[in-house]
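Going by the order they are written in, the chains are A, B, C, D and E; count residues from 1 in each one.
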Amino acid sequence: MRLPTCFDQRGAEMVNDKPETVLELRHLRTEFGSREYPLVAVDDISFEVNAGEILGLVGESGSGKSITLRSILGIVRPRGRVAGEILWKGRDLAALDEAALRKVRGREIAMIFQEPMSSLNPLLTVGLQISENLVAHTGLDAKARRARATELLDMVGIPGARDRLGDYPHEFSGGMRQRVMIAIALASNPQLLLADEPTTALDVTIQDQILRLIQSLSRDLGMAVILVTHDMGVVAQTCDRVAVMYGGRLCEVGTTSQVIADARHPYALGLLRSIPRDVAPRTPLYSIPGAPPALNALPPGCAFSARCPVAGPECLDLRPPFETVGQFHKVACHHRFEALAHFNQQEAAQ
Amino acid sequence: MPSISYLLARLLQIIPTFLLVMVFIFLLVRMLPGDPAIAMAEAKATDAQVEQIRHNLGLDRPLPVQFVIFVKNTVTGDLGRSIMLKAPVTEVILDRLPTTIFLALYSVVLAVFLAGPLAFLAAVRVNSATDVVIRSVFQIGLSMPVFYIGLVLLTVLAAQLRWFPVGGYGTGFLDNLHHLILPALSVALYTSAIILRNLRASLIEVLDADYVQFARSKGLSTRIIMTRHVLRNALVSTVTLLGLSIGNLMSGTLVTETVFAIPGVGRLMLEAIFARDYPLIQGLTLTFAVLVSVVFLLTDIVQSLLDPRLRKA
Amino acid sequence: IERGGAMSFARYDDSAVIDPVWADRNPDLWMITSLYETLLRNGADGSIEPGLAESYEVSGDGKSISLKLRDGLKFSDGSAITGDDVVFSLDRARNPDGPWAGLLGSVEKVTAEGGKITLSLKQPDPTIPSILATFNTGIVSKVAFEKAAGANDQEKAKAYFDNNPVTSGPFTMKSRVAGSSMSFARNPNYWRQGKDGKSLPYLDEVDFVVIPDDATRILKLQAGEVDVAEFIPFARVGELRGDANLKMELFPSTRIIYAPINTRDTRKDGSKNPLADIKVRQALNYATDKNMLIKLVTFDTGKPMTSLMSAATQLHYGPEPLYPYNPEKAKQLLAEAGIDGGLDITFTTLAGSADDATLFTALQQMWAPLGVNLKVEQVDNPTRGAKNRSGEFDIHTYGWANDVNDPAQVTGWLGYYKQRQAVGTGWNNAEFNTLFEASNSEVDQAKRKDEYKRMQEIYAENAPLLFLYETPFAVAVSKSIEDYVQTPLGANDFSAAWRAK
Amino acid sequence: MSAITHTEPHRPSRFRAFIGRAFSRPSFAIGFTIIAFSIALALFPQVFAPYDPLAFDMTAIQQAPSVAHPFGTDNFGRDVLSRVIWAYRVDMQMALFATIFALTIGVTVGAFVGYYGGIADTIFGRCVDAIITFPFLVLVIAIVAVLGPGLINMYIAITIVNWVYYARLTRAEIMTQKSSDYAAAGRVLGYSDRRIIFRHLLPNAMSPIIVYWMTDMALAILLGSSLGYLGLGAQPPAAEWGVLISEGRNFLLTAWWMSLMPGLAIVLTGLGFSLLGDALADLLRPKGR
Amino acid sequence: MLTVEPAAPLLSIRDLSMRFSKSRSLSDTLAGRPRQIVSALNGVDLDVMPAETLGIVGESGCGKSTLARCIAGLHQPSSGDIRFEGQSVIGLKGASRRAYNRRVQMMFQDPYTSLNPRMTVRDTLREAISVHHMREGAAIDRRIYELLDLVRLPDGAADKYPHEFSGGQRQRIGIARALSLEPTCLVADELVSALDVSVQAQVVNLLLELQDNLGLTVLFVAHDLRLVRHVSHRVAVIYLGAIVEVGPSEALFSRPRHPYSQALLAAAPSLDPADRRRAPALSGELPSPLAIPPGCPFHVRCPHAAERCRTEKPVLRPVGGGMAACHFAEAISGA
């Protein structure tokens, strides 16, 4: 298999510089609700992100992607309880208090929220919402902040940026708001960007532009990125590695080409199958049978077992361990070979 | 800023309010049993004397004539003479109004300072013991008559501890602050209870909002998050309520003014009603109408300053 | 001891205009004699004493009264008090628009020759000396008054009052903030001398603060911020007696608390009025335990009524309390009146008055055994006044204090049909009316006394009222203040008050 | 596919679940208990009151709280506890009737005005200003004069003034709700405006209104008490908390229990209402946490 | 169906324009600055045939939602006409509006906010059915289960509240609600943007199936070109409030005529990680709907822009199998 060109380059860098792991999650667990009957939104997740790397995070809606990102920044507290370790450059963010976390937030780690409609304060001008970031994290004076804010809006493709600084969020379209959020997140040149579906509301041309921007920042400044998305195309075009989540748990991690072209987990396989490609127009698409599980009623074993075409009896009770199936490629499934066979068969049958 | 046409429209709207109030108050006041002549002469005057007084006051004229005179005089700025105080109504009102406005504003400021931080605390620790205790304590303000709370405050803080004077008001700003603290406090206890509940509810909502989470993710200081993002947004709805309470206070301080011996318009209104002092009642009502309209206008302006979405043309 | 100093006084209400002619509310009336001296004065024992006039004389036919002014009298501004001022003041007092003009109704003309004042009367009027000791004949300075701005007498009066009036009484007006405070200063030209031979008044200054709320007024006194608090609720009298820093004064008064009964044959709604029956009225009076009421409402500071007027009124006749509690007799009277199926009566009270509420509660309990079903109707003061005038009530509460040191005022008010339909009761007794008319021009004091005795007997028997009780004026005074009095007529008399310097 | 097989409810009892959820919250549990107890006292005061609330006892005037009279006695020797208990009847009634009509009228008017805006809103705005400006006392005295004193007329007077507050509140809520997607969805589904207002917008706007209503009940008791001054409200000798407090006001130092005990009753009841209101609003929020 | 066009369009939109005026602030008024106008739609011409799926794609903020809302009657267009079965539907009121809406349903982008959070699925559906008297009495309940069945929701779903469902399920509730009125036309505004691919597939399958079974006309607004291509018979491309190209789906995707369509297709991310583009699809300043450039609105970003484009506004004209609004459509696409 031919490595993607981008990856190729990056791979070379890796060999040379021994890429520095900036973020490492160890057994991250985030739960809500009462302690007796918790809703475990993120369940024992471990992965790491290197500097200059873009990690894609995909998975079912409600599988805990956003909560994972929020847990990293500690903004699920106080209602959500975060356990495990979040090692940011060796420091455990989970153990830090609010004040210490504040120094990390925005400056070192920035986040783009999923809902562009509700994540901007409706009462403050866009300019102010950008520049308050600059006030908090840079020493720029008012004039310089204005210039920087204009530059940022320009960067994310808002036309007439200078004149729009004084506008309020409700005067922007959904896509524009999303871009404003991206601008805010990028304002202080973070070392890690947590991007939660940053381009859902954007059309492909703008999406392309934004993703390019993120990519170039990542490449040129070594910014690490965790990119949550539903669009496999975006993953394929942008990410270096991909993690797949289901039911609050990680089921597969690997390089982009490993996951997209050579997925092993039945959920990941199902997901990829659902994309309309190489199917006749207006014919039924594949979709994973069954409904997503309630997070507070997951089986002790594999979260996907209820919908899995290859599940065995042990899947219900026994949590499948992460097994390495290739360089960088890990899968958590008891029956990954059956799964592969099952989906290949189906494909063949079609 | 709200648009100028909006401001103009709002100002013009005071006119119909005014007319409405004028008609209502004129009729209603004359519907009351007893009239100034009886109230004035109390029991002692003979029927003939009462008739004489009535004639002197022009009350024996037909109602429409009286109304036309009332409207004409009002338009020219003449509110008539108070029957009870034997002085021009305008003079009497202007004499007493500042005290009441001072008291109302003072108590609102106190209420905000009381309720604001505690609402924050309650909202941040929602449903905790702290929350319940704060709400319970403020409930007292909503449940006890002002005359009772006022009396307790006076007895303990003024008469016994001698920290503050018993009733009355002072001369000059600082002296007034000192004199009026107890009455302002007793009104504030009530207002703050209402504000607290409302603010707490809005705060709970706002604290949960995505934009607050987003602000946190930016690494902003708690102070900025709380003031710029949380408080400001929570205030939008509280401002309306605050406006309503100030509007209420203007005419609603009468018991306080009585208990604390403050010569304000609230007490004056009470006295005027019991004396059936028609010109004074009318004058006071119109004054309240102006004040309330101004307060509402201000709250609208403040609100649209806070919330750009409300800046409609 | 050096007498003098300043005294501060907590009032229940402010004065609007302290003017002899136009004052109409008690807070105005009761201050007038502090500013405006009358020709004659009411003595402590109720007799008429010389005032600005050193003597007075009634002509044999009773149709003229002459008085002689003292020498060297001066207004507060130093100008002399002359006959002209007296004529001016008395003529003003007769202005028919003024609320008190009726008191001088019999006066035809007032003239002055130097210091000699003559009032010629249309008919003899035994009350004139008392009226000349009453506030409405207080002497104002003609020159100063006429200078005051204003289109008519009433506006002039207000302007005069507002701008540091020239006064003849013991005090002058020093400053005033309408609705909240007022300050009197000593009039250096006042004519009277105190018991110690020094000129009155002793006080350099009296400062008034208006505190409408009873409890606050008392607190202000207890906090030492004022020296005197008037109108102490009777409920607090006992407590304040125990306060070592205070004297709890109960000044004898002419105040009576009573309940007019509608004696008309039909009620306003056209139904038959059981209270028109004298027996029913007597029965209700017997069924009322006045001592209990006195205990409950006045906390034993009051005393039962013995006549239509208070015992402190001239010509009072009342050997014993009226209608002592006797439920048996009440029952019997009701039976005689043919009331057996019970009686529905509405008791109109003043809303917000704790005393009235107590009264009602007690009466309801006392009368229930007789089959009287008492319902309450709470109204505000003007409404009560209007109901009284229109006769739209069964029984309501009222109170009275004399303004004039003569029984005619209260008697006319309570019993004379032509004046106010006998305090609105509609009670119209020919004999009473004739006696009253006669007494008003009766020059012979003894005869007049007899007429009054008879009137009081008739009134007591006919019971157009529920006779309740007399109450004193309760004033709490700091121990450091001496000789402040509230007269039986209610006037505040600071002229001899003092504190040790 | 027959209907019968489907009508089996999905879960045993939604209501039971709601109650369970409700009572697991202390603020609901406390508020509910207080109000339930208050209602019991209001319905059956004779069961709870140890004495006749009206009976004088001249031998026991103003006695301090004791075993025989836990709340002491008043200046007629009446048992304060019994009077406080009997007052529940009047005051709970006041809390309900002084607010329920204002609530109904205000919410209806506010909903329409908020939904349609425009000229109706302008007229409404003027009425609000005029009513809030209007001296309440004049209105009350006029109403008594025309209709006579009594609780019912007090309700009328309070309602005339109070609906405005509900209307303003509702208007504001409806205005924010009407721009929501589900309102648009209702329009697209071809629903009438009335249906959209009352079936869709209003239920979603109710939380703050309920909270205010519960506060208002406490306020109504307070207002009713002060109107006792004017002869509206409870007529003597009936016991009513506000009246009890003002009766005891002259005895603040000598017989503090006369005013304190009914005061505590008001505070407690008000607290009950407000805790209940907050908890209800919380529970009725669709994603109640 | 793909080839033969029925004569009468179900929905025909003519010269539809929608302008929003921004409120002026006090300082603007004082400074005499004119009121700003957002031109969300600028003369849209579009025909929708019965039983076809018309995909609508375009840049964000170009007026797709506005168009959808105008069709559903939620916005009153500033000018132009929308005809449904030949009848104008502009300014319909009362009963006729309700009757129109029964036939033309809109589904919202956000499934959660468009469902009344206080009504169970049963209540929601029952209301829609009974208001329009689609069924009566016991038949209503039966219909509810039919609908749930139709959108593949378990029967138990009937008594749950919207917040108890996943995003895809909510979308399906919305679809069931729309279908309960047995409409002729569905306007789906970004129906699946918020969903993961598997759920997207579910919803799309459902839509396709329903359309085949019920003969629904669907306007499918989306950003995901792959999906639009999959579901649409024809596709319209909007740029700055105007249609720049419309044509049969396959033709448009395989051979776009308008430079903007070309840029769109070029920008669509490929699924193959190996196939990463190096050059951006478009460059240049994004125009704002507050100030639409004269001439061809796209000329500021168009790689082929000539002098003519700056001055003359191209009209929508037949090009190849569809229509395009570009002076040089043939030249560009023919290349």
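Assorted remarks:
The rule is simple: contacts are C-beta pairs under 8 Å (C-beta built on N, C-alpha and C of every residue); 3 or more make two chains touch, one makes a residue touch a chain.
Since the structure is predicted, the reported quantities are computational estimates derived from the model, not experimental observations.
Any chain touching chain C that also touches chain D appears here: B.
When each chain is reduced to the average of its Cα atoms, C sits farthest from chain A.
With each centre defined as the average position of its C-alpha atoms, the distance from chain B to chain E rounds to 53 Å. Put simply, the C-alpha centre of chain C and that of chain E have 89 angstrom between them. Centre-to-centre separation of chain A and chain C, using mean CA positions: 91 Å.
Residues of chain E found to touch two or more other chains are absent. In chain B, 32-33, 147, 151, 155, 273 are the positions where the chain touches two or more neighbouring chains simultaneously.
Multi-chain contact residues of chain D, defined as those touching 2 or more other chains: 141, 145, 246, 249, 252-253. Those residues of chain E that touch chain A in the shared complex are 22, 53, 57-62, 154, 166-169, 193-202, 204-205, 208-209, 223-227, 229-233, 249-250, 263-264, 267-277, 280-282, 285-288, 290-291. Contact residues of chain A toward chain B in the complex are 70, 73, 75, 98, 102-107, 110-111, 113, 115, 118-125, 132-133, 136-137, 168, 170, 181, 184. Put simply, chain D touches chain C in their complex at residues 54, 56, 58, 75-76, 141, 144-145, 148-149, 228-232, 235-237, 243, 246-247, 249-254.
Across the complex, chain D meets chain E through its residues 1-3, 6-7, 9-11, 14, 180-182, 184-192, 195, 199-200, 203-204, 284, 286-287.
Of all residues in chain B, those touching chain D in their complex are 13-14, 16-17, 20-21, 24-25, 28-29, 31-33, 127, 132, 135-136, 139-140, 142-145, 147-148, 151-152, 155, 194, 197, 201, 237, 240, 244, 247-248, 251, 254-255, 269-270, 273, 281, 284-285, 288-289, 292-293, 296.
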